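Inspection log for the structure reproduced underneath, given as structure tokens.
Labels for the chains are A, B, C, D and E, by order of writing; each one numbers its residues from 1.
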Amino acid sequence: MNGQYASLLIALPLISAFFVPLIKGLGKKAVKYYLVLITALQTGIAAWVFQEVYTTGKPIIVMAGAWRPPVGINLYIGHFAALFVLIVAVVSFLMAVFSIRAISVDPIDKYAMLFLLVMLGATGMIATGDIFNLFVFMEITAISAYALTAYNKTGEAAEASIKYIILGGIGSSFFLIGIALIYGSLGTLNMAQIAQLAGGMDATVAQVGLALIVFGLAVEAELFPLNAWAPDAYQAAPHPITAMFSAFVVKAGLYALARILYLMQAVSSWHSVLKLLIIMATLTVFVAEFAALRQKNVKRMIAYSSIAQIGLIGLAFALGTQSGVDAGVFHMVNHAIVKALLFLAVGHVAVSLGGAEMEKFEGLGKRMPLTAFAITVGAIAAVGIPLFNVFWSKLRILLATLGAGYSWAAAVVLIASVVEAVYYFRLIHTMWFAGEGERISEGLAVSLMLLFLAALVIVIGVYPDYAWSIAQKAGNDIFNVADYIKNVPLMGVGA
Amino acid sequence: MIDWKLVLEVIGILIYATFMGFIFMGIERKAMARIQRRVGPPIYQPIIDTLKLLGKKESVSHGFIYDFGPVFAMGASIAALLFIPIANFQLFSSNADLIVVAYLLEIPMLGIMLGAMSSGNPYSALGVQRGLLTMVAMQLPYGLALIALIQHWGTFKLSEIVALQQTQGWSILVPALFVAMIVFDIVFQAMLGLEPFDIVSAPAEISMGPMVEYGGKHAALLFTQHAIQLFAETAFFAVLFLGGASNLLELLIKQIAVLFIAIFVASIYPRFTIDQAAKFFWKWPTILGIIAVLLTV
Amino acid sequence: MINELMIILFAPLIAGVVAWALDIKGIREAIGIIGAAIPLAYLVKLYPTIIENPIDYSITVSGFTLQFQLNTMSWYFAAVASLVGLAMAFGMAVTSRESYDWLFALMSFTGVLGVFLSQDFVGFFLLWELMTFASFMMVLRRNRHESLKYFVLSVIGAYAMLIAIGMLYAKTGALDFASIRQVLYMDAAMGTITTRETAIIFGLFLTAFGVKAGAVPLHVWAPGAYSETDQSYTAFFSGALSKAGAYGFLLLYILMGYKLYAAFGTFHNHLTFAYIIAWIGAITVVVASFLAVLQEDIRKLFAYSSVGQVGYILLAFGLGSTLGFAGGLFHVLSHAIFKGLFWLVTAAIILQTGKTQFKDMGGLAEKMPFTFAMGLIAVLSLAGIPPMAGFASKWLIYEAAISAHMPLVAGAIFLGSALAFAYVVRFLYAVWFGQRPSDLEDVKEAPLPLLIAMALLAIPNLVFGVAPGLVTQYINKILGGEVVGGDYYKLVTPTGTYNALLVTIALVIGLAIAGLVYIYGAKTRKIPVTNTYQSGNPVTEEFNLSIRRNFYKPLAEALEFWLKYSWDRFYERVAGMAEDFADSLRQAFYNGNVQSYSWYLAIVLLILALWGVL
Amino acid sequence: MDMNEKKVEEKVENAQPVEETRPELPDTKEGRLVREIVEKAPYAEGSVRRERRVEFRVPAERIHEFLELASEKFEMLMQISTVDWLKEKEFELVYQLWSVSEGIHAFVRTRIPRDDAKLPTVMDIWPVAETYEREAHEFFGIIFEGNPRLGPFILEPREYEKHPLRKDFNTIGYVKVIYGEDFDRYDESKTNYVI
Amino acid sequence: MSEMKEMRNENDGVISYELQEFKLFEPLFKWARKKSLWIVAFCTGCGGIEMPPLATARYDFERFGIMPNPAPRMGDLFLITGYVTPKTLKRIIITYEMMQDPKYILAHGSCPINGGVYWDSYNVVKQLDKYIPIDVAIAGCMPRAEAVMDGIMEIMRKIEDGTADGWKRYRENYEYYRKNQDELFGEGWREKDARRWLAWI
């Protein structure tokens, strides 16, 4: 089982997506179970790849059609990519199991196909080593995301997806122009080679190219002014899809932003772009947290909180220091787990009690104790209380920010997290200490998943060393571009 | 182990102090009478009153704490007395200093309050309230005066203060400490419960304040306590500001001098209401106290 | 020997989790009490080794090395906290119905112990957050508004500390106390950290520790939080948790003392930064005591009173002289024991009568004699009556304040202690004496565990009162020099002496003499409350013979100019404004139409262009 | 046409009531006041006793209306005193009014039968009347309709039933019953007078 | 109800306990009682205005150790100055019973003796002696200050030779006094009166 099997990560979802119409003939139930099967397979492969990369310590390079990189497209599965492909696979598996119960709207085969495409796109974005290929996978993810947002066929869903399409479209088009500029001046699309030649580019062209790419990806990665589409999209999408959005779709965009940013280190105006990104990221955290303060709909509230946390990760990446990037990756991992847990639980409540308004949550502790416990663990972790996983990564990010000298940014983030604490603890109080209700039976599968994620949160919180070491390796993979170039076997090219 | 000389001294001083305390109360009434051009009672009248009260054939109690209050008050007064250097007898004053004595002089107030509260009479409750408010009001200037004194002499021990005053002249000669003495004198008026500040046991308004339910031997206890307290406070005043005394007679003269100042003030001024008293104490005496403190720092 | 620190630290947390998991009536209490007893037992066992050399222990968690050290000072604070914690456990065995309380009470116990023992900022911050979170959850159960007010204020404090830690980390590159102290000591001369930054760091630390200790502008959470939770837990809450704030101020001296001195210099021969702390303490004492006197609810009274007493400790630390530290440290112990005792007494009263307002209580002295005796000891100790521990510590603070030439601050102590006397006697009057309301006839004495808890805290009051030398000798070890001389019964400072034993003997003599005079008189007969002089009017049971509502109305009238302003209303307005701002921000930005969103994109492009990036 | 109207007006004008023969009122301030009031209230007879003192006599059923009229001039009600004419079996109530503006006392007298004496209350004009009416009720047993707090006021319940100030109340008999028979006047014959 | 009954009895029946007999210091206490009489400041009737002149410079009863004292518990001498109505008598009885034991009553004027000018009035007590024991009575329709001083001297003389035993008489034939009182006020008048006052408090 040498490295080549890693390409299965891309191939499997693609092929199975096309088989879905055939399975449809066997009945709706079969499609759902098929979806679960495929995601389980994908998790298996991802786990094997993760184990392979982290034991040998060397990244797996997959060349499409055995062409050497500058000509052919290559997949570069380093430490970060291995880790994140695994997270994408695991979260998709969990959501697939959840969607058996959560999805009742009829064209289930279309849902399954789009589900697989989203998973494919995210995996592809993370694994690819070629800039244009990155654009292609981003388009796949974006388009299937637009469709999935509108899947519920309600007026609100339609409106949300239109917003998402317009903004996403503008963003990706600027991203394409940026890539064209880079390709025009450097003649290559391969990331490693771009990193090599980035120094020699003409200053203004490099500046414009970098800015456009960053702007394009920022829309996907929900930084401040550009994330207006996010709250509606999160709220309107079906529950499993919202979890997938916050867990890895947006993060893939964020990873791409970071990867390209650090590739183009040699560009002269690099620092001013970083400063701009820091401002945008801090504002994201600030605006999103304050917007969530008086939310009536719990799902929208958690959406805002997830945007804020992603803004925090953006801030960590934009610091430009090794500790910042490591902290950002660690926070990505923790945030993925916590948000998956929260959206899963809220989705479960919405499904069984019909709706996610605050009134539904009154006395939840008496009606659905396990889900309430899961939401409580998730909320307390999200706020950053010690003995829970987000505390360690938030502490790291803040120390890195202060280390890098942006004490005003740290102050704004901390004020925002005070606000976050207020609305989360209001939620906890409404759940446990207000309202009455008798006990309702909760689905076994969902309860198991909730317990697994909550246990994961507490285990990382109490003993974070192992998770931190993985995050450090992944952060190192993004940060020092030198050994990235070294690993990719480049053919010599003129220009 | 017990050095009998100290025990004898203590007993002697206690008897002397109680007797002189009663005489001071007598002087107080006699002087006020003379000021009003009346003949006034004989000087030893308080002794007669206490004997009469002790001789009452029945006595009434509202529960254990009601009895414990006056006993505790008198005990505390006696304890306070033992720590003040009386003329040439040092008693226990070598191992307690100014702050300890100041607090010991305040405990009888708690004793009386305890007894008055448990009597369950609205007048005594009002008396307790007024007593506490007067104490709260007077504590700040009282503290400032003491602080000025301590800062000037640089020590807390009463015996050392007396020694320093013997050598460098009385405290009131120092201008800053003279201001402190004025503040202390105003506070002294309230501590003794004399006219301008006798809001605690305002006879006409709330019929003897806390002492309304006290009769017979409880009243006798309170009278002896007041006598000892009077002697202790005048001695305290003398020690602090008038340079202590080498023998009892000199101390007696100083005490009576202090007493007369208080009596003259008492027989002129009408009674304050309690919130006027609080506002007054936090205005003039406090300002004077702050001046005294700032001058000596 | 090494992992004893870990046992001390995490025994309560583990016991809490187990008690919460098991949740069986009898066993839960037993586990809780054992969990609370282990730290005290181990601390006593480790006492001899502590005297020679401190015990160290460090664990590495996710790249941070958390160092813990049990030296003389941390032993002292930990011992005080675990004594009050044990009393709390006994109390909670009776008053708490839920396993929820046990989990978070013992979690906050671990937090406090961790704060005292940790030697590096990450561990310090982690356990500080844990302590705040656990105590917050205790209050959240009963009252959302008060708990959120408490949590927001203490989280702001904690995050201020985090920023300060971050700035220090950025400047010194180290997180553990030893190296930070070393670097700051060296740095004082070179001055790489500008005075402006030192001021910011000092200000941030001041807010953090000020919130937890309840200094005046930040004391707003204390009355709500202390009164809205299970009362026997409040004994620990106000007895030990507020000491973490005081410990923080001590930390400031240890870590940055020299740097702050170099940065701010002196203000007529007082350390400027210490002068600020002393004045914060003084203001806290006066303001909190005035507010305590005017309260109508028994819990609110003791809440403001404990804020005031912690003000004493801050004041003592602020004096800057070693005598000031000695006074402050002694007051940490005495405040913990008498305030803990007060809260347990309140717990017993509320448990038995179910009432919390003064106006419905009264005449409980006969019904609950033991609790009354304990209450009386606590009253004597808090009011500072000589034979009690409260007086010894207050006496030391007086000595320190006046000999440190801070007269107005010493004046504040005088006023504060008089007010303490006033509100404590008010408590005695309203609850224990006077006419008993008809519905309190069948009140019985508090259950046994609560009585044990009270005894547990009352005995030290008496013992340390009569023999304060025990405590001062240990404090001399903490401060290194012979700060307070004298043997077990006598305290000798450069300017004054206080022989506790002799004062007690004198009081006993006095009581004996007075007792003799009392016995000589006519035999007393007990008469009912109604046989009282109401200027001749006949009195029956229905008459209201005691003044329990607004007992200090004249004082309120004298102070009504000051009472108009209240910090509480100010903070409520600020919170309201913040929420409205948040709402308007959301309406403004996420207004739902796509045109404005695309305009945002255009604006970002414009910025990119203007900024020369494009 | 207007002739008739003029005629009608003339008839109305000179249809004035003929001036009653009354002891002529002196042309002083008091006299003018009394004449003014008597014009408004023909049923009342006013007279001026002396300077600053005026009297009115009003039948019992018109008293309330008269007092309302008088209250414009006489702002204060000083007292309601009662006289018990046992022989004529009548109570005489005197409303003593005082006019602050004019500085004149007015004594308004009415007579009501003795046995079940009833009068409308004047509390609506002068609220202070409540106390005077209660006192009158307690001592004489006069019932004032509309006074909410009639009933035992100051006296002991035992004396209240007897309405002690009525002439037909036998004081000495009552005293003998209550304070015992041996109540004796000072008798010179007793030598050692032992209390 | 029984507890209530017993308390009421305790409240009314002041006489159920025995007294303390000081053998040793009796003569000293007798002298002290004589030389320090405290007047309970309870001026009933029209004689109250006669009291202040006694305290002023001309007559100054303070020379004899007499001091007005507002609280009955500490008072010894009870001055009944002028006519006594039943309502006042109730207050007098309650205050008298609150005073502690060697207590004396000085009745001013003729009204307490036989009703005086109000001999036929329905609400004046004719013979005060039937209800509370009077030690010394001063005749005159409001005796002048000299007469009052003389009365006080009389009381001091009676204390001297032990005949001022009003309080002893009240103790021995308490039933007689109690009967008269109940006859005048009606049985259980303390509760009825207290309840009447409750409305106002």
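Before moving on, here are some points about what is shown:
Everything that follows uses one rule, which is that contacts are C-beta pairs under 8 Å (C-beta built on N, C-alpha and C of every residue); 3 or more make two chains touch, one makes a residue touch a chain.
Keep in mind that what you see is a predicted model, and the values were worked out from it rather than measured.
Listed here as common contacts of subunit A and subunit C: no chain. Across the assembly, the chain pair joined by the most C-beta contact pairs is B-C. Greatest centre-to-centre distance from subunit B is found for A, with centres as Cα means.
The most distant chain from subunit D is A, comparing centres defined as mean Cα coordinates. Subunit A and subunit D have Cα centroids separated by 99 Å.
Taking each chain's centre as the mean of its C-alpha atoms, subunit B lies 35 Å from subunit C.
Centre to centre, using the average C-alpha position, subunit D and subunit E are separated by 43 Å. Separating the CA-averaged centres of subunit B and subunit D is a span of 64 Å. Residues of subunit A in contact with two or more other chains: none. Residue positions of subunit C touching 2 or more other chains, listed in rising order: 521-523, 525, 527, 531, 533, 535. Chain contacts: subunit E has residues 17, 19-20, 71, 73 touching two or more partner chains. Contacting chain pairs (ordered by label): A-C, B-C, B-E, C-E, D-E. Listed in rising order, the residues of subunit E touching subunit B in the complex are 17, 19-22, 25, 28-29, 31-33, 35-36, 38, 41, 56-57, 60, 62-65, 67-71, 73-74, 76, 99-102.
Residues 521-523, 525, 527-528, 530-531, 533, 535-540, 542-544 of subunit C are the ones touching subunit E in the complex.
Only residues 29, 33, 36-42, 45, 48-49, 51-60, 203-204, 207-208, 211-216, 219 of subunit B touch subunit E when the two sit together in their complex.
Residue ranges on subunit D touching subunit E, taken from their complex, read 155-156, 158-159, 162, 164, 171-172, 174-175, 178-180, 182-186, 195. Contact residues on subunit E toward subunit C in their complex (touch as defined above): 7, 10-11, 17, 19-20, 42, 71-73, 90-92, 94-95, 98, 190-191, 193-195, 197-198, 201.
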